[in-house]
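Structures for review follow.
The two complexes that follow have subunit A in common; it is paired with subunit B in the first and with subunit C in the second.
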Partner chain A sequence: MRARVWSWAALAVGIIYFALPLIGTVEFSLRKRRGEYSFDAYRWVFEDPRFRETFSYSVVMALFTIAVGILIVVPTAYWVRMRYPRLRPLVEFITLLPLVIPPIVIVFGYIRLFNTSSVLPLTGTATGTNVLLMMGYATLSLPYMYRAVDTGLRAIDVRTLTEAAQSLGAGWGTILGRVILPNVLVAVLSGAFLTFAIVIGEFVMAALLNRPAFGPYLQLIGANRAYEPAALAVIAFAITWFCMGLIQLATHLSPHSRARRS
Partner chain B sequence: MAFLELEALDKSFGATPVVRRFDLAIEKGEFVSLLGPSGCGKTTVLRMVAGFETPSSGAIRIDGRDVTGLRPNQRNIGMVFQAYALFPNLTVSQNIAFGLRVKRVGRAEREARVAEMLSLVGLAEFGGRYPFQLSGGQQQRVALARALAVEPQVLLLDEPLSALDAKIRVSLRDQIREIQRRLGITTIFVTHDQEEALSLSDRVVVMSEGVAQQVGPPFEIYSRPATRFVAEFVGRLNVIDAVAGEAGDGVLRTGDVEIALGRPVPPGPVTLAMRPEVIGVGRADGRDLVFRGRIEDVHFLGSVIRIETRLGSAPLFLDTFNRPDRPPPALGEIGEFSVAASDVMVLGPGGSAVKVR
Partner chain C sequence: MAAEDASLTPPQRRKRTGLPLAWLGLLPFAIFATLFLILPTMYIVVGAFRTADGTPTLANIVNLFQPSILSAYWISIRISVASAFLGCVIGFAIAAAVTLGKLPHWIRGPVMTFSGVASNFAGVPLSFAFLATLGRVGLVTVLMREWFGVNIYALGFNLLSFWGLTLVYLFFQIPLMVLIITPALDGMKREWREAADILGASGAQYWRIVALPILLPSLLGTFALLFANSFGAVATAYALTGSSLSIVPIVLFAQIRGDVLQDPHLGYALAFGMIVVTGIANGIYVWLRARTERWTR
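Let's turn to the complex of A and B:
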């Protein structure tokens, strides 16, 4: 009985810890108009052209980052599992590096390596800087993407499926595209979702590379206005949860993955 | 020239030899089983034929073409795995069509072929299902259909029945053999189950420690085992240590029992071997060796009664058919047993790779 009381108490503390700031933010974001609740702050945010510009910029960057991340991570994780299991600790270490190297260090490295007087002057053009920023995002999301995909690969018998496909005449492209990727799609989606969240909120890289991303915009509004940052935070949360819902839906709609979990 | 030729195959993993000097020639349409305990190299041989392992030395030829250096997807072989290995994200029909799509077979032809394969394995109604909606036996039939859809030159079956329960195993076994005969496809079947190997195959290769111990039709493997390993691995065997007399006239002693084989046996210690079913209860014409023993145990198995007794000090099993008019003998009774001298195999001392007879 005592144990039960304590576990309820722990749960309550947890809920308060997570929910209270959120409730406070929502409440505050509704108080722009004096004396009553209103959506004025939200209206201001949605009417601000910079919100639309920076947000759509970040979304496009996120989609590219996800595509590049999948192209890099899925074949790598697959090859490590299939052919070079001994390299696994090394590859895992590399994928974890972005967690211990601060983004500011990475981006300073980028600027030094790819500046206009370097061999590959990516920072000389907007497109080049966008590519550089996207690569930076891909690096930041590497730990999450790799973990997710590797876990997904663990759930299927990669070797036997590969051999079955090979004996049916399939080459590597077909095996990866038609056998491996569809079977780790749910894992890839969860990696993609994390990537999306990282890219939308990222500040340091975008700011130092001077690109019009959502992160710097958030910071700008936060520094200059009172209620709108709260509204922006709530919007960001809503988008995040919407993405999570989409992943749940995708998981639910694909029949074979539903079976594998049961 | 044989259709599928394996010539002097050697395979080592690191310093460990797994397959040694393996030769085998298989005719077109033949069903050959590789039989042996786990770790004997049978699966490695199969995987070398499939192209998943590269031989350390030796050659593999299919229909006169050297395929040793070809990748698996260039070999035109069909393979069925123990773990089914169906693609979980594809339906049964899509699984079967996979190899055809890779080959860029047109849609109409592909669909016709899938329908044909589905009815071949008796799953015509199941095309739209996903693998997880099928039982193990059904999944393995889909795997077979998928392997056969691309019309491979050789069909490789890697312990396809091991994951199934006993009843399904027997019915699928018969189905595999029936389909194989109907299509006339050259087949290699890997198993550790002697009953499967004996009942299915045109020829059986018994393997031990990477070496083919004996190659022959099931009847020959069982009746005339070439080595002690084959004799003991295939079927049950009574093994009795005996000493042949100085005269070399075929009179042997084991304990205080004397056995006259009636054919010359070189003097010294020998091992006698008898299948349980060649020994009978009581005397009979042609079973000229008669001995007595206490009945130590009786296993009633339905159609067969397995009796445990002793010859001298060696335990002896014998199998007799159950007959309604003759109840099984009682425990502790002294019974009389007989066997034809020609059914007693003489194995040399030591026991490894010694010719019988």
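Let's turn to the complex of A and C:
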């Protein structure tokens, strides 16, 4: 009985702590018009051309980051499982490094290593900086992406699938793209949605590389407006919630249920 | 494990390939990791031990030990310890309530989903949420004043302070703790509790003598992870305080933007110091996790 009282107490503290900022933000975002609640702050945000520009910039960056992440992570995780199981601890260690090295330090290195007087002057042009930022995002999402894909590969019999495909005459591209990838698609998707959530809200890398992304825009509005930041926070929270919802959805569609249907 | 061991040696395949080209498969990853992760970091680390004209030196590291930089590290470490500690305690309480606390079953799902969302809801929007709630005209601030006549700012509360920032960081620290510790709590065998009950242990005794020692490595390990998590966080603090609170990431941010320390190599040393601190924290995490795995198997 006492255990239950303690449990409810812990849960209640948690609910109060997490609900208050959310309620506070929603309430604040509606306060723009004096004396009554209105959606004026949201209207202002949606009518701001910079909102549309920075948001679509970040969405495009997120999609590219996901594509690059998949292209790098899936073949690597597959190849390590197939041919280099002994290298697994090393590869796993490298993929976890972005959790150890703070993003601000990584981007600091980028700025110095790829400056205009270096061998690879990526920061010299807008396109180059975009590529650099995308690679930075791919680095940030590497721990989550790799772990998701590796878990997905563990669930299937990589070796048998590969040998079956080979005996039917498939090359490596076909094996990876048409046999392995569809089988780990659920894992890839959950990694992808997490990457999306990370990229949309990312601030440090975009700010220090001077790219017009959503994160720096949020910061700019926060420094200059009163009620609009709260509206943006609500929007950002909804996006995060949406991405996590998609991950849940993807996990529920397990490979087994798909196999039975087809 | 057995299935993996069986797949370790594929001798017949190696013969079929002919040329030793298998390593080419790892090349894209190796190039990516080298160019965008290892080389940039090495550049910073090497730069921390060099003078402007390239000769090796320890002067930059020594220069870190000046009062303004030391105090930046000190407040960063204090905020990280406080938010990691409180995150661990509160997150543990919530995770324990959900897994072992005899609450209705349906509560667990929403709590875990929400934790997934909240642990990713960091950065600039999080600072907006807290400004709208506990800022000078935030909802809670206003309600406290109107309903209870309490002006929390007159009582010394400030969102742009040590405790203010700690309170904000808890919003992503607590959910992260819930996500990491729940599997460990699920691994607690019911037999242990029953054995303790049969031997006459009270609930408190069970937790103190049986459960906590088993969970201790994963608790301490998660603490280290939470520590590193808040130590490297920039966006939340920057959007909340501008540059008024000198924590290390904020100082480094200002340094990268405008060389405020007026010594580029001191900037490298500052960044190197961050790697050292988070590296130690994560090293402890990895070491303790390896120890925990013996128990949860």
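The rule we apply is simple: the second predicted complex is superposed on the first by the 243 of 262 C-alpha atoms of A that agree within 3 Å, B and C clash if a C-alpha of one lies under 4 Å from a C-alpha of the other, contacts with A are read in each partner's own complex, and residues count from 1 in each chain.
In the analysis below, a residue touches a chain if its C-beta (ideal position, glycine included) is under 8 Å from a C-beta of that chain, and two chains touch if they have at least 3 such contacts.
Because the structure is predicted, anything quoted here is derived from the model rather than measured.
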Exercise for the section: Please work out whether A:I156 is in contact with subunit B alone, subunit C alone, both, or neither, and reply first, second, both or neither. Expected result: first
Practice task
Quick one: classify A:G191 as touching subunit B (first), subunit C (second), both or neither.
Solution key: neither
Completion exercise
The answer to whether subunit B or subunit C touches more of subunit A is C
Problem - First (subunit B), second (subunit C), both or neither touched by A:S167 - result: first
Practice task
Have a look at where A:R112 lands relative to subunit B and subunit C in the superposition and call it first, second, both or neither.
Solution key: second
Practice task
Identify the partner contact of A:Y84: answer first if only subunit B is touched, second if only subunit C is, both if each is, neither if none is.
Solution key: second
Problem - Partner subunit C, residues of subunit A touching it in the complex - result: 2-4, 6-8, 10-11, 13-14, 17-18, 20-25, 27-29, 71-73, 75-76, 79-81, 83-85, 87, 91, 94, 97-113, 120, 135-136, 138-139, 142, 158-159, 194, 197-198, 201-204, 207-208, 215, 218-219, 222-223, 229-230, 232-233, 236-237, 240-241, 243-244, 247-248
Fill in the blank from the handout: So, in the complex, the side of subunit B touching subunit A is made of residues 50-52, 71-79, 81, 83, 85-89, 98-99, 102-103, 130-133, 143, 146-147, 150, 156
Completion exercise
subunit A partner, complex, touching residues on subunit C are 4, 7-8, 10, 22, 25-26, 28-29, 32-33, 35-44, 47, 90, 93-94, 96-98, 100-103, 107, 111, 113-114, 116-118, 120-134, 138-140, 170-171, 174, 203, 225, 228, 231-232, 234-235, 238-239, 242, 249, 252-253, 256-257, 267, 271, 274-275, 278-279, 282
Handout entry: Residues on subunit A engaged by subunit B in the complex (per definition of touch)
Key = 156-157, 160-161, 163-171, 174, 178-179, 182-183, 185, 254-257, 259-260
